[in-house]
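Chains here go by letter, A, B, C and D, matching the order in which they are written, and residues are numbered from 1 within each.
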Amino acid sequence: MRSPRPWRKIIYDVIDNEKDIYTRIFDAFMMGLITLNVVAIVLSSYQSLYNTYKAEFELFEKVSVIIFTIEIILRVLVAEYHYNEKRTFRAVARYLVSFGFIIDFLAILPFYLPMLISIDLRFLRMLRLLRMIRLFKITRYSESVRSLGDAISERKDELLLTAFLGLMMLFLSGTLMYFVEHEAQPEAFPDVLSSLWWAVATLTTVGYGDVYPITPFGKFIAGAIAFLGVGLVALPTGILSSAFMESLAKKKARQMQKEQEAIFGQQCTCPNCGEKIMLEETPEFSQN
Amino acid sequence: MRSPRPWRKIIYDVIDNEKDIYTRIFDAFMMGLITLNVVAIVLSSYQSLYNTYKAEFELFEKVSVIIFTIEIILRVLVAEYHYNEKRTFRAVARYLVSFGFIIDFLAILPFYLPMLISIDLRFLRMLRLLRMIRLFKITRYSESVRSLGDAISERKDELLLTAFLGLMMLFLSGTLMYFVEHEAQPEAFPDVLSSLWWAVATLTTVGYGDVYPITPFGKFIAGAIAFLGVGLVALPTGILSSAFMESLAKKKARQMQKEQEAIFGQQCTCPNCGEKIMLEETPEFSQN
Amino acid sequence: MRSPRPWRKIIYDVIDNEKDIYTRIFDAFMMGLITLNVVAIVLSSYQSLYNTYKAEFELFEKVSVIIFTIEIILRVLVAEYHYNEKRTFRAVARYLVSFGFIIDFLAILPFYLPMLISIDLRFLRMLRLLRMIRLFKITRYSESVRSLGDAISERKDELLLTAFLGLMMLFLSGTLMYFVEHEAQPEAFPDVLSSLWWAVATLTTVGYGDVYPITPFGKFIAGAIAFLGVGLVALPTGILSSAFMESLAKKKARQMQKEQEAIFGQQCTCPNCGEKIMLEETPEFSQN
Amino acid sequence: MRSPRPWRKIIYDVIDNEKDIYTRIFDAFMMGLITLNVVAIVLSSYQSLYNTYKAEFELFEKVSVIIFTIEIILRVLVAEYHYNEKRTFRAVARYLVSFGFIIDFLAILPFYLPMLISIDLRFLRMLRLLRMIRLFKITRYSESVRSLGDAISERKDELLLTAFLGLMMLFLSGTLMYFVEHEAQPEAFPDVLSSLWWAVATLTTVGYGDVYPITPFGKFIAGAIAFLGVGLVALPTGILSSAFMESLAKKKARQMQKEQEAIFGQQCTCPNCGEKIMLEETPEFSQN
């Protein structure tokens, strides 16, 4: 006879046990609530709509934040089971530094913050956007996310380097263009930081067209920078391509290893003397 | 002595039997008709031309739709042969849910719809565009389409995830920029949905330049988003590169497997005792 | 004692024999002349410069065309040696349909054409641009051009299909946007062909910003098309990536094949009985 | 008993010995100084800020250049140790043609130049930008830079060819568009060099939108060029993808070679006679 599940284990099964049907229902409910919050943010940006249904928007926000807060409290309570950790303190500590908690906490922060400190209203409204980052949690369980994330994290160094090179090119291009175009267009290139705006639009090949060089030398420099921008787009693409290929090849290599082990583990007949022999040494052919 | 072909089999040979010369002629005729329909749509957009030749345009449309309708009816009749299915009912059902039928049906729908229900004329004109989707049927028989489609469908999950990440970034960018720029440019960023228009132009690096941030903070955020947009372009490219590589490697592996089987099936001389032996066990070297 | 070289062989050695020093000098001279022609075209676009030095520009053009014409005549004379073909007639015929001849002929055509038929002066000026296509001959001897060309021609089918898909998307997008935006902006989207201009700027992510949708529905459609445009950029990139990888792998496979043949062709000592044996059957390990 | 280190060896250990802690501190200090110089350039572009703190900016520049000059002198003194070269003259000569020296020298040049020759003040200000190229030295020690650089330098030929093809397409597109659009928009396409500005914005898919064709034929040509521009972006990306894949495969092949050598060096049991034999000849399976 099994002893009854402790109440915290019951909560764990409901909100965090992937195999449990209740967890799936709970996840679906939370994802629906997150989506509704995003819809509410979009709708409340329409001034007339917001003025008419102000009370409803605020009620919905309050209810949402309360549910999100309860979710966090429950996750603290079941951290022990989630991390399969004996000591409650360590489990809670691990939860409190986890990616999931930080996102959840930032999402409810803008609601509680004005209760603690006085805060600029406009800044607060922007903080509310943090609720949207909960969207990222929707992708949590996907297999593809993992393989995508693996590919990216394996080439983290190269990608970071590309980003750094991009930033350096940005600064050099922006500063150069400031010196070249400042006198011809003092209002378009008033200082170096402003001409960085031109540089970012050019290097990413977005090209809004609100600012562009007008002197022949400026156009020559801009053309060269635009060509470099193409290279800047090509670098991360090439890195990611090879990363995807590599993660694929690894999966294949693991599979092949297993197949070969199956072959070499079998008995086989010596073609010379007809004896049954067992291949002892498993040769390694792991390539790629 | 062969019994005479049933009349439905004759129709099948004419319209749907890839090996038959009549089918090729029929296909060429239908492709020509589809192309002419597209030309007619383009030409009828010139108001003066349309007014002069209104009767001719309408006649051509009527004739085309009648031919397309007859094609559908014929394809229903020969479904049995196409799907190699004994029960007529099942064969027709399979045709009616096939990709080809849905395209063909949507292409003639705008002609018959106003006979059944009263419909807004402007909306109807837009529906006529559906005739253009028949263009997609032109690519039906190509070998390359299959290999392209294989590569894409094999990485469907990763590509869908990229699309989802793109949409999420779109919403986050658009909402963020709304809060940052709304006060400075209420006419450019009037609500969240409108600022999504800016976000899509930036993330896809199109950059029309009709809307762009003007505050320093907005420009900073926009620059960061533009850089993320480069990554968003790099992701599907990398995924597709590796998908093409993989489908190529698979083709190679199949070829190699055949070659090895040919080798190991041959008799060979044992280097030890000089006997002719037949290799029984085909070792597996399938790599990649 | 060798018989004296025939005079056509001497010309061949001077203008078309890669190993000959004279050919290198001749090539360098022709490339210089082509470059000077391009410079002349660029400079003659400056109206004031052209008016001042009109005689010099025209003289230079005349001299260039005469030299280019002589080159063609000489190449006809040495076609026999170039194609290593006994029958003079066949050799000349092969030269006259070669890529090199067509480029050379088109480059001098605009000079001789007005002598034969009366021609619109403005159209003639545009034809003179054909002289610039001689630039493509500069890349003739490069190793990289060959490997680049191999990679592209191997995936010709997929790339053509991508181009065809792109054109189809272009037509569908342009026509759709015409119906959506024509009434709101009759001057920006006056007919289907004009709205193709918007579609091409969007699908290639160029985004000039001279034409863009202003209705909410039009913006929604445009956003979707811009995302598809990113895919349209990703497809050829992925195809080319895998093509470059494949041509590389082939080069490696050829190298490896040679190495293995060298190994298996050697005598080796049987580890069992100490006899020298010759491996007769060369096993195939050609992978990738 | 070791003889005391010569004073130049001491300096070498402090500024150029990667294993020495003093070198790390020295590098960190120099990087900080370079970053501060960049910040100073950015800040001094704000006219009001520059006018207020003119003396401070000039003092900081003087101090920086003096430190940079001392660094160069020190590096000349320790060249002998850096290049592990007996003859001092050769070591100094090698340093003076090294990439590092040229960057460092160009960075201090704008300060000393006006002392030697009279120079246009505006040109001088632009020269000061050269201080920023010192930023490139920050990436010196990174592992990723090396692997990135290896991938790029291995495909140098193909990438240069792509750049050359891009330049050729640029010239052809620009000249063509000049002839097509010059009469319709003489102010937008005044001469060939000006229409190159349009061509570069289109081929790199930046698309500022300050210049664009307005005639139907011009738009048709521009659309075709924009599609070619997509290919121009796809080419270097594909080349870099395969380069990254190749450098990865090489790393793997080296690793595999080592593993196989370890295997084949081991004793193994002959399946025929049961004797322990040592494989003498290491078969080559080096693939990919």
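Just so it is clear, contacts are C-beta pairs under 8 Å (C-beta built on N, C-alpha and C of every residue); 3 or more make two chains touch, one makes a residue touch a chain.
Because the structure is a prediction, the values reported are computed rather than measured.
Asks: In terms of CA centroid distance, which chain is the most far removed from chain D?
Replies: Farthest by centroid: B.
Asks: Applying the document's contact definition, name the chain pair with more C-beta pairs in contact, B-D or A-B.
Replies: More contacting C-beta pairs are found at A-B.
Asks: Measure off the straight-line distance from the CA centroid of chain B to the CA centroid of chain D, and report it in whole Å.
Replies: It comes to 42 Å between the two C-alpha centres.
Asks: In angstrom, rounded to a whole number, how far apart do the mean CA points of chain A and chain B lie?
Replies: About 29 Å, centre to centre.
Asks: For chain D, what residues touch not just one other chain but two or more?
Replies: Residues 193, 201, 205-209, 233, 237-239, 241, 245, 272, 285, 287-288 of chain D each touch two or more of the other chains.
Asks: Can you tell me which positions in chain A touch chain C when the two form their complex?
Replies: 205-209, 237-238, 241
Asks: Would you mind writing out the residues of chain C in touch with chain D in their complex?
Replies: Per the stated touch rule, the residues are 38, 41-42, 45-47, 122, 125-126, 129, 132-133, 135-136, 139, 142-145, 147-148, 151, 163, 166, 193, 196-197, 200-201, 204-210, 232-233, 236-237, 239-241, 243-245, 248-249, 252, 256, 259-260, 263, 268-269, 271-272, 285, 287-288.
Asks: Contact residues on chain A for chain D in the complex?
Replies: It is residues 157-158, 160-162, 164-165, 168, 171-172, 175-176, 178-180, 182-183, 191-193, 201-202, 205-209, 212, 216, 219, 222-223, 226-227, 229-231, 233-235, 237-239, 241-242, 245-246, 270, 272-273, 277, 279-281, 283-288 of chain A that touch chain D.
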